[in-house]
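Presented sequentially are two complexes of chain A, the first with chain B as partner and the second with chain C.
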Partner chain A sequence: MPETSAAPLIAVRDLRVEFPGANASKEVLKRVSLTVQPGEILGLVGESGAGKTTLARSILGVPPTSGRIAAGEVIFEGRNILDLPEPELRKLRGSRLSIVVPNPRAELNPTMTVGKQIAAMARIHLGVDRAQAARMALAMLSDVHIPDPQRRMNAYPHELSGGMAQRVVIAMALICNPAFIISDDATSGLDVTVQAQILSLLGGLAADHGSAMLFITRDIGIAAHFCDRVAVLYSGEIMELAPREELFLKPAHPYTLMLLAAFSHSPKLRDAWRVAETGARQIRDGGCSYANRCPLAQPVCSDGRPPFAEIRPGHFARCHFPVSHE
Partner chain B sequence: MRVLTYLAHRLLFVIPQLFGIILVSFLLVKSVPGDPAVLMLGPTATPAAIASLRKVLGLDQPLYVQFFIYVKNLLHGNLGTSWQTTRPVLDDLIQRFPATLELVTLSLLVAIVVGVTLGLYAATRPNGWIARFADLYGLSVGALPDFWFALVLIFVFYTMLGWAPAPLGRLDMIIIPPPSVTGALTIDTLLAGDLQAFGSGLSHLALPVLTLGLLNAGPILKMTQSTMEKMLESDFSRYEVLCGVPERLVTRHALRNALPSIVTIISVLYGFLIGGAVLVEIVFSWGGAGQYAVQGVLNSDIYPVLGFVLFSAIFSLIVYIVVDLIYVLLDPRISN
Partner chain C sequence: MNAILTVENLFKQFPIAGSKQVVQAVNDVSFSIQPGETLGLVGESGSGKTTVGRCIIGLLEPSAGAIYFKGRPISGRRGSRRDLTGKVQFVFQEPAESLDPRMKIGQSINEPLLPMKLDRTMRQQKTLEAIRLVRLDPDMLDGYPAELSAGQQQRVGIARAMVTHPELVVLDEPTSALDPTARAEIIDLLQRIQAERDTAYLFISHDLSTVRFISHRVAVMYLGMIVEQGDAQEVFNRPHHPYASGLLSSVLLPHPHLKIESSVSLKGEIPSPINLPKGCFLASRCPFVIDRCRTQMPPMSIVDDGHFVHCFRHEDVAASVPPSDTFVAFMREAERVLSRRTSTDPSTQVHSH
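Up next, the complex of A and B:
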């Protein structure tokens, strides 16, 4: 799907990921496609269960436990990385493509000091020796603004606070100067002030290193401030994709409107768009997956999957009846 | 520094632990029916002879007096005398305990090498043939009696192939044992520079070590396999994969985190095998401590039994202290 004329840095095409279910497989990602331009920050907003972490990890070829990549391609530097043998793919991960994970204290190795873990990235991917890697790790810890970096080098993950552990994980993701960073909900679970610090840190480092970023979040407000373009993910499908101003000034998809309304300060607006709880969400084959929660749904919405149409230049929405702002 | 204070703490507790063990063992052994005086004098003994022997042995005293006398003797290094060997129990055990220790230690080393290697392979290649073989191995090894397996090995390697020496003890009859320094033949023969005796000792160790080693590799294999599988599915292992860490390193890090569980089962086996090797000791006429204790039980010879309990209790306590120290070193989360 043509979005811009320049060649994208990374292109995800028709990615399908399924998980085993009670009777049949459950499709968590349904033919997701997106591209990220060099140097761009693409935001991805979605609620819990939309498939954000599945997408983040599947792009790197490691879907969450028991998940399986059923179809699709991830084109990076001219090749489909999902076709690569595992050792080849591991050379790319961490060095050219990296990920910042949420809940870092659970993800870091509990029996290794954080300094060793950061240095290990440099040693594995850049081939530097132990002393050089330790120097690089220390420099990286300073770059992520950890107080007293020399002492923190020898700390274990369980001795760090959430914010500090998050900075460690960011250091690990950036130390090899990747071309593309996926930030998966990197600021959830942190205090608001720490969130703001981490965000500005991430943005600054990405700009310094010239990396592109896929910034995944549940908070549409953060996406508003931080990203160049924003995509909205619902139930494993991209529902809307637009440049930042377009999305927030002229949202087209009813789900986007509901998200924006939910964050709104006006109680009248919130009530107008409030929908029934996410309880029974049946997966309808062939229809729009948002149809059973959509206040604007028509009969045709349950029959045909809406195409991902370009309603304005650079602004796409998957809806039979996108909201018009004329 | 914290290691030393921890050690001092634990050693302090060893005394009351040992006292408790000796007390319970004493009461248990005394409660087993069977009059030692009768057994010693045989079926033709007169009641008068039995009564006077009981008086000599102190068996006519109340139980707590007997216990008090026993503990007093212990503190002087007197573990009593075995009426079967007519030697002090301490001397008997100093001779026999190292034989068992040598056998059990070498067997455990074999078990660790076999068990951990197979367990690692089975966990990292769950669909490979090694995993399937490991399942079968764990199953069958749990079902086989060790003395039967020992006899099978003797039949194959001694009777049929003639590769192994006759199962008649630790050394060939014609070899003169080296001067006893540690009691372990492998070490003592090397210290004495007697390579012929070393070779003989090793060849006699081969079959019993193989028996105990292969059979006890089963639980080690299972523990390694299941702990490694859990580690490899944990969040931090998957994160390492996401960071592009090569498979060998991911496995090494997972093993490091799995070590506490594996060390636990090894330590439990170690303590168990000191007494648990007795059937293999009997089959190979090993002259070990387990054999000695069983003979004591069968013949109401209580001092060897109590002496063996004391030795193996001290040994187990040392093993557990060492293991706890290893935990503190392995896992940075346990320290404060």
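Up next, the complex of A and C:
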């Protein structure tokens, strides 16, 4: 685990993203802050609607359609990405910063061979000539363990399996040797054996190139084995952030415990950490956003937003009554 | 005991348009399911597990082999599905896609009752019973699918399947599109219904963790074949087929120290089911491969009562790692970690409304 005192590679500070509505706008990210150290893999887990994809895209300066960055900054290599003019930003994306998304086929151009698509990244961002770009693309294809890479250079996306297409997307994301990679649920939809191969590939390449990663996933099993630190996102807020072992062995936020209980296969544990919907308290502005579902909630939880407090070194939780494992 | 469902030497091929080749989706699959039993059918995409399910519910006609419901054939020329109305039901993966968006929830749940010659009052009563069974508010019967969350939609899918009191339900990846909390609730629900009604389930899934806890027996498919079949706990604790072992080792349990040990790490991907190799289908990816595997299909070996495997070297595979019940170890760990509470005893907590 990298020292937290070292200068972070990327720092997200108080990021707020809103989706304008007819009457009031909906705050999808509520003052999210996080840092990723050079070479670190930070996991981000959460359920659908928590704001994971909005966060991933906002970090790259492209919030989802109709979303608006209301406040905050994303400091990368000394500059605030959110202030950069579009041409500057475009130069950064794909070269220093890149993203791997799920559903790889939709990301690839169906009318262009995969070799050309990978090479195009190198030509645009690194300014290398056609022959050099082709050589780099070929090397990258073999780095992502595509069998028979010479032949695959000339393949079209539809000729590839899902796992193969995902490897091509990873090759495109990594060819310029980015300092920071966001993986947005990149392994969902793949079979477990292919997922295992893609994870070891991503982890290995990130380590070889010294790249840092924000690894967004719905599967907390991946986070438990693959990430250095893990952040838990709920309703647009980071509820807990801790080194991997701490988070899984000493979870502090009741939402994290509820998530872990959902994977425990024990109805007894699940019942212990969730509140029946009919018994849910009303949620009030300014209170804890989990108060209405929290089995430990007290009156104070509906009134005041809990601080993001460091409960043990490097372990933060946004909760008035964090669970103690002492 | 008399099986609810028996599948015997099932084959299913799909022709490829403009070619003489065929896709061998299912190759000689046999199994049976007893009343009140869950058989987990696991395997990766392209293993043929969905095709097996579709043959059972009658969406596809098998190319060869037979399917029996309580001893009576329901496929092929001799088979008839006429008396089957309501007895075999199904739940699909995408709840939103399997419900008609323009139909009220009540109508959707009521629909499978229509061929059953019941009067309207009876149908309404059964619809109400079904929505209560899945613990949804009966007020939702007048709503539309779009008003519900994915988890609630899948509950409606289950109510729709259960409304006829089926004896067998084919569940094809019923939880894989759902968030973890919704998934856990659906699993609880299915287990509760089975305990109450003795319903048999064919649970098709690639989520091995869920399969381990919901299934009594498990069948592992690879390229259209069941390579290993047996008691779920036995197969998971001590797999005899290299593919079953490799598949299990890819499972990532949400615990940083628990990993399922295996001597097999599967490289590459499932080969095309168009030109199947001559010998064992796994030969090209298998670390236990010997010459014989490349030329000869391994016959079925009996490991134990009800535990079968297709592998020449199944004893070596089983002996390559010590048997261990990592899933149960994980559950114990979860109990240890999640049973700790704060000094604030929740039983004395004050509810503020």
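The working rule: the second predicted complex is superposed on the first by the 306 of 326 C-alpha atoms of A that agree within 3 Å, B and C clash if a C-alpha of one lies under 4 Å from a C-alpha of the other, contacts with A are read in each partner's own complex, and residues count from 1 in each chain.
Here, a contact is a pair of C-beta atoms (placed from the backbone, for glycine too) under 8 Å apart; a residue touches a chain by one contact, two chains touch by 3 or more.
Here the structure is a predicted model, which means the values were calculated and not measured.
Trainee: Would you mind checking whether chain B and chain C clash or fit side by side on chain A after the superposition?
Mentor: fit
Trainee: According to the contact criterion defined above, which of chain B and chain C contacts more residues of chain A?
Mentor: C
Trainee: Contacts for A:S161 in the overlay, against chain B (first) and chain C (second): which applies, first, second, both or neither?
Mentor: Second partner only.
Trainee: Is A:A70 touching anything from chain B or chain C once the two structures are fitted on A? First, second, both or neither.
Mentor: In the superposed model, A:A70 contacts neither chain B nor chain C.
Trainee: Would you sort A:A7 into first (chain B), second (chain C), both or neither based on which partner it touches?
Mentor: Neither chain B nor chain C is touched by A:A7.
Trainee: On the A-aligned overlay, A:P267 touches which partner chain: chain B = first, chain C = second, or both, or neither?
Mentor: In the superposed model, A:P267 contacts chain C only, not chain B.
Trainee: Between chain B (first) and chain C (second), which does A:S98 come into contact with in this model arrangement: first, second, both, or neither?
Mentor: It touches chain B, and chain C stays clear.
Trainee: Could you tell me if A:F248 is touching chain B, chain C, both of them or neither one (first, second, both, neither)?
Mentor: So A:F248 only meets chain C here.
Trainee: Quote the smallest CA-to-CA distance from chain B to chain C in the superposed model, rounded to whole Å.
Mentor: Here the least C-alpha separation of chain B and chain C stands at 9 Å.
Trainee: Considering only the contact definition stated at the top, list the common interface residues of chain A for chain B and chain C.
Mentor: No residue of chain A touches both chain B and chain C.
Trainee: Could you list, by residue number, the parts of chain A that touch chain B in their complex?
Mentor: Of all residues in chain A, those touching chain B are 57, 60, 62, 65, 86-87, 89-95, 98-99, 101, 103, 106-112, 120-121, 124-125, 156, 158, 172.
Trainee: Mind listing the chain C positions that touch chain A in their complex?
Mentor: Residues 44-45, 150, 179-181, 183-184, 187-188, 206, 208-210, 212-213, 246-247, 249-256, 259, 265-270, 327, 330-331, 334-335, 337-344, 346, 349-353 of chain C touch chain A in their complex.
Trainee: Under the definition above, what is the set of chain A residues touching chain C in their complex?
Mentor: Contacts found on chain A: 47-48, 147, 161-164, 191-197, 218-226, 244-245, 248-251, 257-267, 269-270, 272-274, 279, 281-282, 295-299, 302, 321-325.
Trainee: List the residues on chain B that touch chain A in their complex, please.
Mentor: 233, 235-236, 238-247, 249, 253, 256-257, 330-333
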